[in-house]
Every structure is written in structure tokens, then in C-alpha cells.
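Each structure below is given as C-alpha cells.
What follows is chain A paired twice: with chain B in the first complex and chain C in the second.
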Partner chain A sequence: MRNRPREIVLGTVAILASVVVFIVPFVFIFLTAAKTPAEAAEFGFSLPTEWAIWDNLTTVLTVRNNLIVRAFVNSTVITVLSVALMVVLAAMVGYVLQRRRSRWNHVVNFFVLAGLIVPPAVVPTIWVMQGLGLFKTIPGMILIEATFGLSFCILLFRAFVSTIPKELDEAAWIDGAGPLRVFFSVVVPLLRPVMVTVVVVQAVNVFNDFTGPLYFLPGDDNATVQLTLYNFQSQTMSQWNLLFMDILLITIPPLVMYIFFNRQIVAGMTSGAVKG
Partner chain B sequence: MVVGNRRRQLAVAVAASAALGLAACSGGGGGDGDSVEITFLTQTGGTGPEWAEALIEAFNEEHPEITVTLNTQPGGTEGDNLVKTKLATGEMEDVFTYNSGSLFQAINPDQNLVPLTDEEWADTLIESMVAVVSTDNGIYGAPTGASQAGGILYNIPIYEELGLEVPTSWDDFMANNQAIADAGHTPVIQTYGDTWTSQLFVLGDFANVAAQDPDWAEEYTSNNRRYVDQPALQGFLNQQEVYEAGFFNENFASALFDDGVRMVATGEGAHYPILTGATSTIAQNFPDNLGDVGFFPLPAQDAADTRATIWLPNAAYIPSTTEGEELEAAKLFVAFINSPEGCRLQTEFNVPAGPFATSLCELPSDVPRATQDLQTWVDDELAGPALEFLSPIKGPNLENITVQVGSGISTAEEGAALYDDDVVKQAQQLGLEGW
Partner chain C sequence: MAQAVTAPGAVAKRRSVKSIYPTWFYLPAGLLYVVLFALPTFASFYFAFTRWSLQDVEFTGWENFVTFFSEPQLRTGFINTFVYGFVTSGAKVVLGLALAVLLTSQLIGRGYLRSVVFFPVLVSAIGVGITFKVLMDPFDGLINESLSALGITGPAWLTDPQWALMSVALIDVWKGVGIATLIYIAGLAAIPQEYYEAAKVDGAGGWKAFRSITLPLVRPATATVILLSLIGGLRSFDLIWATTRGGPGFTSDVIASVIYKQYQAGFYGLSTAGNVVLFLVVTAIVVPISTLLNRREVER
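So, the complex of A and B:
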């Protein structure tokens, strides 16, 4: 009870800090998105004198034959499929790497770490994709995103599997379960917290990726949301109101995700982070 | 490097033959054999994509047998890398727009582009435009818009109120600044929040340098001229002098380009050293004030040396991976950009900020005041291209150095010496002789 006043002060400070750090920029985006071009170019933190939010919204959505709607569809497909691929593959690899000790472990670990450290080379990657006939296609982009994210996911899964008692696997073995049954029926349900972490972190990563689609997925039919931001910006003439409206639209999906999965995200992060 | 090049050529060849195979298939499948599909790449931002869409529509009316698909990509550094990547992997669109001058030279035109010297429009380019879209082997690009100038946009109502004359020498300019400051206005607008805008005192002074020393650019490329020596040093000295006189707006360190445009358009400030392309922002945000903004070049010390420094427009190119029917169609499309209808579309979608670079297009009579002012300088032949169109050397840090000089952190001499060091690495990377 003695600590009450101090807690209240601390809590208030924390709330104020988060308002300044998160809410103020968001309000600024919203207000600028509702202004006319001339007023938006002043970058003032003020209410628009003339609300143009509906006009701006329809302009942004219909610009260049609904380019942004198309971009949202593309981004969603790429994000969902590549994250699904990452979760399935990384969970399997992480499980095997942690449970089964063999002399291949060092080799596999080396390549997992190499995947984190070695930067992707653009032109050779494009040659490979051209050879496979996957360049400028959505499946090709999904594979690239999955490859870039896989190493990080494997590390997370491997760390988390070490917190699952080996006795659970052994009990299942004794009951007569095969390797696949052990993995899918016993281990996967226990991996849920770290799966949520991986899904959220990688979904935001893939959704926000700019350079990947820029180089590996050219062409207007393949546009992704981050690339559409450049439609409203250039050196001497920028339509800031439309740019901020586009930012507002792009911010919404990750925001909704955080609001709904808030609890699982925090749980997943804390449970996976303790043991190495 | 040799291995890299061979693989690159191989990849280009593979891609080209694949494209040919596809074209043959579609021709055979369609049965008519006449329809051709080509792609057109332009940069996003501003009115670029709108212009391209209108251009394609107009082109299709004239050539219904050719289908043009539009692709867009960002400009700037990302765009530079992407263009090089696409050329190296044989994925470039059939027609693409890109910068002229040093950036054009950097994409290795002789190897990657189709020469267009024999096209009808090639003879109509003005001399300075030819220089920035050609190599020793021929002309490669057709201009895709009007040129612009780097100089001073000034607020006409302030000049009228104080009864000032447009200055042609540096001393007149400083006298005007003093008069404007005495009347309680801001004489010179600077916007270092967007660092690129700080370079105008130096870059916009180049035509004056060339007027005093016609060989300057060439000698600079072969390392015989430096910015620490006159006449080139004057650009840095001018910036320092204006700063020390206290003529800048109070928030010069953080103001943005859009602030600067607003200030000069609405009379919050008198002079804004900037590119005349800023008039399109005035037209978008302050259409009523378009007539209030005029243009004059950055004055030289001696009025006889004062010239307008011109930035030439971007151009449309055809990559060497485009062949056969597509190449013919692509050439028709490039020619259409500067046809009478093409010219009309250029001025409709972009407020012309300067004269055209080809005699095929003419400025309409209702261009903004600043463009008219610039046109008189060009008509009097008192204009010259900016340094970046005459020499491949442009150091990456100039905008930071001019911010230092313009904020009083470095003196003009120190800034010029820093910039001379800055360009050495770039010149060595380009493999220029004498560095």
C-alpha cells in the first residue's frame, strides 16, 4: 500500500510517454491525410480548415486504375503464404536441430547463421529466378521472402523447443506414435506461443518490405503496398495529403493485428526469450 | 569483372531470345501477325504516371495495332540501382525514361542502349541536349519534357512595393537584399530541412563560371580545375556572404522545400534560390500566386558574366534487349513523345518550367511568369547547362557541405576544399584520367 502513489506517478508517466511516442504521430498522419494539398505542405499540427478526407481517400484508392487495391491484394497474398511457409519449415527444422544431435548439426547451424549474416545479392538472385522461370511472379516473391526470414525463425523455434521436456516426446514414442505423429500431435500444439511471435514479427517484416519487391517483383501488376508510397512523392512536387492517406491505409492492417493478438504476442515473446 | 560481364551478356542473350520466342508465339496464335506489345517504364511521383497514361492513350489512337503497357518505379537512388539491375539482367522495359547527363553515362549506353541517331527527330534537338544523351557512337535518347533552370525565384509584389529592379550583378543583388531587409521582409529563403536545396548557390552559379572560363568543365574532368580557386569558388563565397549578412529566414536550418515554395509564393520571403521546377508546386498549392513569382539567374560579380544555368530534361531510351517488331514499335513510340500531340500532353500534365530541348515542341503562350522570364534569357543566348551535364563528376556530399557553409559552420574556402576531396573518390571510381 505504501507504494501506491509512486505506482500511480509511474503509470501516468508511462501513459503520457506512450501517447507522445505513438498516438501523436498517428494523429498527425490522420490530420494531414484529411487536408488539402496546400495545407498539407505546411506540415502543421492543426485541424484542417477544410476536411478533404473522403476526397483524398477516393483519389488514393482510384489512382492509376485502382493500383493500391491491387497492391493490397498482392501484399496480403505474399504475406500470408510466405509466413505460413516460414512457420511450417522453421518449426520442423528447429525441432530436429534441437532434439537430434548428429555431426550434421554443425553444418546446418552454420548455414542457418550464414542466412542471417550474408546479405542477399540482387543480380545473381535474379539469374537464378530467371533460370527457374519464377522472376516477376508472386510465387517467386513468396519463396524469396520465406528464404530471407527462415534463419531467424529457425533460431526462435530451436530455442523454444529446448523448453519442452523431452519426456513428453518419449511418452508418445512409448505409446507407439511415429515421428510425424510425435511432431504434429504432441510438439506443434506446445509451440503455439512462439508461432504467434514468428507470425507477427515476420508478417510485419514481409508486409513492410520495400527493397525485396522493388528488385524482385517489378511491374505494375505486381505492385505491393510499400511501393505505392512513391506515387505521391518526388523531388520538386509532392502530394503530401495523398501520401499520408496512403500511409494511413497501410498502417491499418498491422495495427489491427496488434490490437487483436496483443496478449499472445507478449506471451510468445517472454516465453521464448528466456532460454537459449 | 570479366566473368561477370560474360555472364551478364549471356543472361541478356537468353532473355532476349526468350522474348523473341514469346513474341513469335503470340504473333502466330493471334493469326493477324500485326499486333505488337511493348512496355513503357516511367518514374512515379508528381504527374509522371498520369502523363504516361495519357501519352499511351493518344498513341493507341494513332497506332491501334501496338499495345503499350505502363510500368512505374521510384526515382532517386533506388531507381538508379533498379535501372542498372534491370539492364544487367535483361529485364528492362522496351522504352524507359531516365535522367540525361552523368546518370545516363553511368548506365553504359554503348553496351545497353539502342542508338537512335537515324530517327527523324534526332536532328531537332538543341545542341546542349544532344551532348547529354549521346556518346561518341550516336544519340540514344529523346527528351521527355521541358528543361528547367537553377536560379532565383523572386516575389514580384515585394519588388513592386519597394520599386526594385531585377539585379544582374552580385552587388545589385546584395543592395536589393539590404533594401528588402530594411523594409522588414525576409530577403533570402533557405530550406536546409531538405538538404538538396542548399546546393543552388554553387550549382546554379555554374553558367557564370563557364562564361568566365569556357573550358572549365572539361578541364575539371581532367583534374586541372578545382573549386578552391576562382571563378568556381565564388558560389561558396556568395552563400557565406548572404549568411553572414543575416539575410536568411529565421528557420532556415529546419525549413523544408515546401515551406520555401510557400514563402516565395505568398510574399513571406523575397528570393528563393531553387530550380524553376518549383513552379509546378506553386501551381498545385498556390495557383492564385503563380503570377507573383518571377525568375532571374544567380548574378555573377560582373553583370556581363551573368547567365542562366539550365537543367536539361530526362529522356526516353530503348534498351538493346528490345529487338525485331518490338524495336520498330518502340521507335514509333519514342518519336510520338515529341509529336505535336505528344508536346501538347507534356505541357498539359507538367507546368513547363523552361524552354523545350527540341524544336518540335513550342511553349504555349500562357506559361507561368517565371518560365517567361527564363525564356528571355535563353532567347538572348545568356544561358548554359549545369555542370552535371558537362562533366560526370558530382560528389555525393555537396549538399551537406553547402549546408555547413550556409549555416556558418565552415568558411567558403573550407567548404570548397572539402568538396574537392569529396569528388576525388568518385572520379577514381569512374576511372577518369588524371585523378
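So, the complex of A and C:
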């Protein structure tokens, strides 16, 4: 009784449509990445007559002195450190913002929302970074990514802190713990679910960021994975198989994240949908 | 002396009020925010009025803004920003809601469908852009080959001045509709099932129930989708840059790509003026819509 004919027909139509609209482009990426240069340039949606997937992989990884391998290292470093930084700093703000009612709240809330809406002023940011010696450096990129991600994290943390009973921090406080101790050993462990969400969503965002590195980390020395793809596109235009192999490679980390943290990603993306 | 001698209880009480949640917790985040975000934003309102090479600054008054609105290619970018923002946002609302209704109804393969709709959200814009550049190739691309197999002559998509901007918007919707769908699924799940049962008892059909129950009650989700997609769409750069670089000519330029082009050309003052224009456009659209959507919700 559960599967009535209507459900089966509707489901089948939807599945077929989804294959055409969403699956075919990904299969196309994979097939093109497995072709020889000449065949890949035909843009056909067909099985490769000659599978060159291993050749393409080794070529892509070694081209221009292992540029992509270095880019993967750079992207990983930037992603891990910037996400760690923004999570800790945003959790501190979200916690105090929710717990303490003061005249500062309006000001802080205003700046948090402004951080979400206002597009970053590009050249003045470069100007400030040059003044601090951070322009074109990995530490500079880490700080930029952390800054641009703060607002989103603060909103999620603030919402979650309101579900933690205030009595818990007060009990630790009366037992003589200092504010840092209360925060890091009582509150932070309870923030775990939202931490996972924030970390996964922001890691995907930072890893996939293209505009940030394009402006603030130009040049091949510190290239990130998204920039290699962009530079590849301008330099090796004829070698579509390599370009698509690169797309395939840089899509794997977010895919793995999605498989393991499906639920947390969904929770992060949809937070605020119900409350508005 | 009198202040030093206080009862232990009073000390604990004063401590808990004053410093259990210290204001300095704002400081580290605030420092980053002020130095790398607020300061450049404020500075942009000065540099937008200058001819600027990062070393030398020369105040030129409104010249950059006059240039911005008198050069046809820059004006195109200005108008395209609105078109792109509203088209993508509108399409995501309609398609997102339709998909969410479909994916919360009883049908087979629901779990698979939900994951597959969401997955493009996680692929980088530049990867999606390059893939669709190939798929939308006017002659050899899979899309036009499939269309011609059906007897339809497809447009030249990204290379046709008439279609370029809409083609990028289409890719943007393909990539982003998953977020809208998920937000709507969460919104739909919050509507009590009893309402639909009561409507059924009263003899309301599917469409009537959708109009009178789903649409009004899913409003917070609609507000979130509209605001998120507008903020993203008006600022959009990476997908446009990966597919058309504003071309052919400057027919698919938006403010964000104009900012980058002027920056590349070394016109830092003009680029910053573009940033100020973008700032004003985004705030002038997002802030009123946000207050409007939130006000109606309170009235309800």
C-alpha cells in the first residue's frame, strides 16, 4: 500500500529529470577527464575510446613543478587555519552577545548584519593589507577568510547558545572558574553540534573561494586550488582533459565532506529558515 | 575601607553580573573585523573620489562616479546587476518551493533526489563555470547537440550577446537552487500536518491548500531565500568571470566584474567607486526588502 502508482510515476519522472539535469554534467566531467586531449576537445558525451585517466592524473599533478600539489597544500593550510580562527572568535562573540544584555548588543548586532550584507571593498582592503605586510601572503589570506566568515558563524553560535541553560555557566562561575575557563571548559563542549556545522560549511566555502585568492593572493607561488583551475584555463586552453581532471580533483574534498557531514551541512544551510 | 569589607555573597553576585561574560570577548573578532573589513569599507568612501595608484592619491571629486555612469559598458554592468539579482532570486524562489513541495510529498527515490539537487551547491563556482562553458558550446556542446536531436536549434548561449547574461543566470540557478530547496523543505516541515487534514475535511483541494496554508506559513523560509539569493546575486562575480568574463563585449558585465576589470587595468579609484556603487545598490535593495518581509511576519 505504501507505494501507490502515483508515487511511483512521479518519483520515476523526477529521477529521470534529475539524471538529465544534475547527473549528466558530473558524468561529463569524469568522462572528459578520462579522455585523450584530441578526444576531449570534441566535447562529446561518450565513453573514451582510449582510457587515459591515469596519464591525465599524473600529468595534472606534475605539470609546472607540481603546482597542483602545492596548491592543495596551500588550500588545506588556509582552510584549516582560517576556519579554526573564525570558529573560536565567533563562538566567543556569539556567546557573550546572547548571554549579556547591554547597550553594546545593538551595536554588535548591527555590525554582524553589516558583515553579512556589505560587499568587501577590494582595493582599500589590499591597501590595508599592504600597510600591514599581509598582501600576497598565506597568513594574510587566512585572516581575510576568517574575517569574511565571522558574521555567518556568529549568527549560528548566538542562536545555539540560547539553547544552553545559563545555570551551567553560573554554577561553574560560583565554583570559582574564570571567564575563559567557564567558556572553554563548560560552554564550548556543549557547542559541539553547531561547531561541526559551522566548521563543515565554512571549510567548503573557504576551499571553494575564488574571488578572495584572486584579489588577495595573486601569483603562482601561493596559488590555491581554485586559482590553478583559473590559470589552467587561460594557459592550457587546448588540453580540456587536464582541465577537467583538475575540476574532478578539486571537487573530491567537498564531495567527501558532503558524504560524511550531510546532516550538519543541511542544518547549517537551513538555519533561520523556520524562525526567519 | 567600607567597600573592601563586603559579604562573600555580595562579591559573588557582583562578579557574576560584571564579568562572567566579559566584553573583551568581542575584542579579537572585533579587531579583525575593524582592520580588515570596516576600515577598508570606510576608506572606500574616500578613495572612490580620487585617482589612486596605491602610492599616490589625487582628489578628483565626483569624476569617478560621472565616468561610471557615462561610459556605456559601465552602465550596462550597473543595469545587469539588477537583472541578474532579481532573475536568479525569483527563479530560486519558484523552483526551490516547487522542488521542496515535490520532495516532501510521497514519492520514490526521495533521499536520492534531495542529495542530488543539493550537490552542485558544494562544487566551486569556477569548476561549474568551466563545465557549463563546454556544455553550452554553441556547436559541439552537449546542450545544443541534444536540442538539435529534438529538432530545436539552440541559441549560442554564453557567446550570444542577447543570451549571455541569462545563460549565466541559468547556471547560477542550477548551482544554487539546492540551498533554496533545502530551506523550503525545513520551512515546510515546520507546518503542522493538522492544518492540511482540517482543510481536507473542509473540502479544500490541493491547490487551495497550497494557496491558503503552505504559501502563507512558509513565509519565513521565503524571506530567507529571497534575502540570501539577492545578497549573493547582486554581489555575484566568480561564476560570471569563469564563464563569460563579462563578454561578449560587455553584455554580461555586472558591477562586481567591472570592479575587477578596473582593478586589473590599474584604475584603483574607479574600481573603488564601483565598490561604493555596489555597496549602495545592495543596501538599497536588501535593507528595505528585509524590513518589509520581517514587518509582515510580525503583523501576522
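A few remarks follow.
Heads up, the rule we're going with is that the second predicted complex is superposed on the first by the 227 of 276 C-alpha atoms of A that agree within 3 Å, B and C clash if a C-alpha of one lies under 4 Å from a C-alpha of the other, contacts with A are read in each partner's own complex, and residues count from 1 in each chain.
Going forward, a residue touches a chain if its C-beta (ideal position, glycine included) is under 8 Å from a C-beta of that chain, and two chains touch if they have at least 3 such contacts.
Bear in mind that the values here come from a model prediction, so they are computed numbers and not experimental data.
Judged by the touch definition given at the top, the superposed model places A:22 against chain C, while chain B stays out of reach. Contacts of A:95 after superposition: chain C is touched, whereas chain B is not reached.
When both complexes are overlaid on chain A, the residue A:122 reaches chain B and chain C alike. Shared-chain residue A:231: touches chain B; no touch with chain C.
For chain A, the partner touching the most residues, choosing from chain B and chain C, is C. In the superposition on chain A, A:130 makes contact with both chain B and chain C.
When both complexes are overlaid on chain A, the residue A:69 reaches neither chain B nor chain C.
By the touch criterion defined above, A:42 reaches both chain B and chain C. In the superposition on chain A, A:240 makes contact with both chain B and chain C.
Chain A residues 42-43, 122-123, 126-127, 130, 211, 214-215, 230, 233, 240 lie at the interface with chain B in one structure and with chain C in the other. On the chain A side of its complex with chain B, the touching residues are 37-38, 41-43, 64, 122-123, 126-127, 130, 135-136, 211, 214-215, 218-220, 227, 230-240. For chain A in complex with chain C, the residues that touch the partner chain are 2-4, 7-8, 10-12, 14-15, 18, 21-26, 28-29, 32, 42-45, 89-90, 92-93, 95-96, 99-100, 102, 104, 108, 111, 115-130, 132, 143-144, 146-148, 150, 154, 169-170, 173-174, 179, 182-183, 204, 207-208, 210-211, 214-215, 226, 229-230, 233, 240, 243-244, 247, 250-251, 254-255, 257-258, 262, 265-266, 269-270, 272-276. Of all residues in chain C, those touching chain A in their complex are 12, 15-16, 19-23, 25-26, 28-30, 32-33, 35-41, 43-44, 47, 52, 54, 102, 105-110, 112-113, 115-127, 130-132, 134-135, 137, 140-142, 145, 174, 179, 182-187, 190, 219-221, 223-224, 231, 235, 237-238, 241-242, 256, 259-260, 263, 268, 271-272, 275-276, 278-279, 282-283, 286-287, 293-294, 297. Residue ranges on chain B touching chain A, taken from their complex, read 7-8, 11, 14-15, 43-49, 53, 69-76, 78, 81-82, 85-86, 88-89, 91, 196, 256-259, 261-262, 275, 277-278, 280-281, 284-286.
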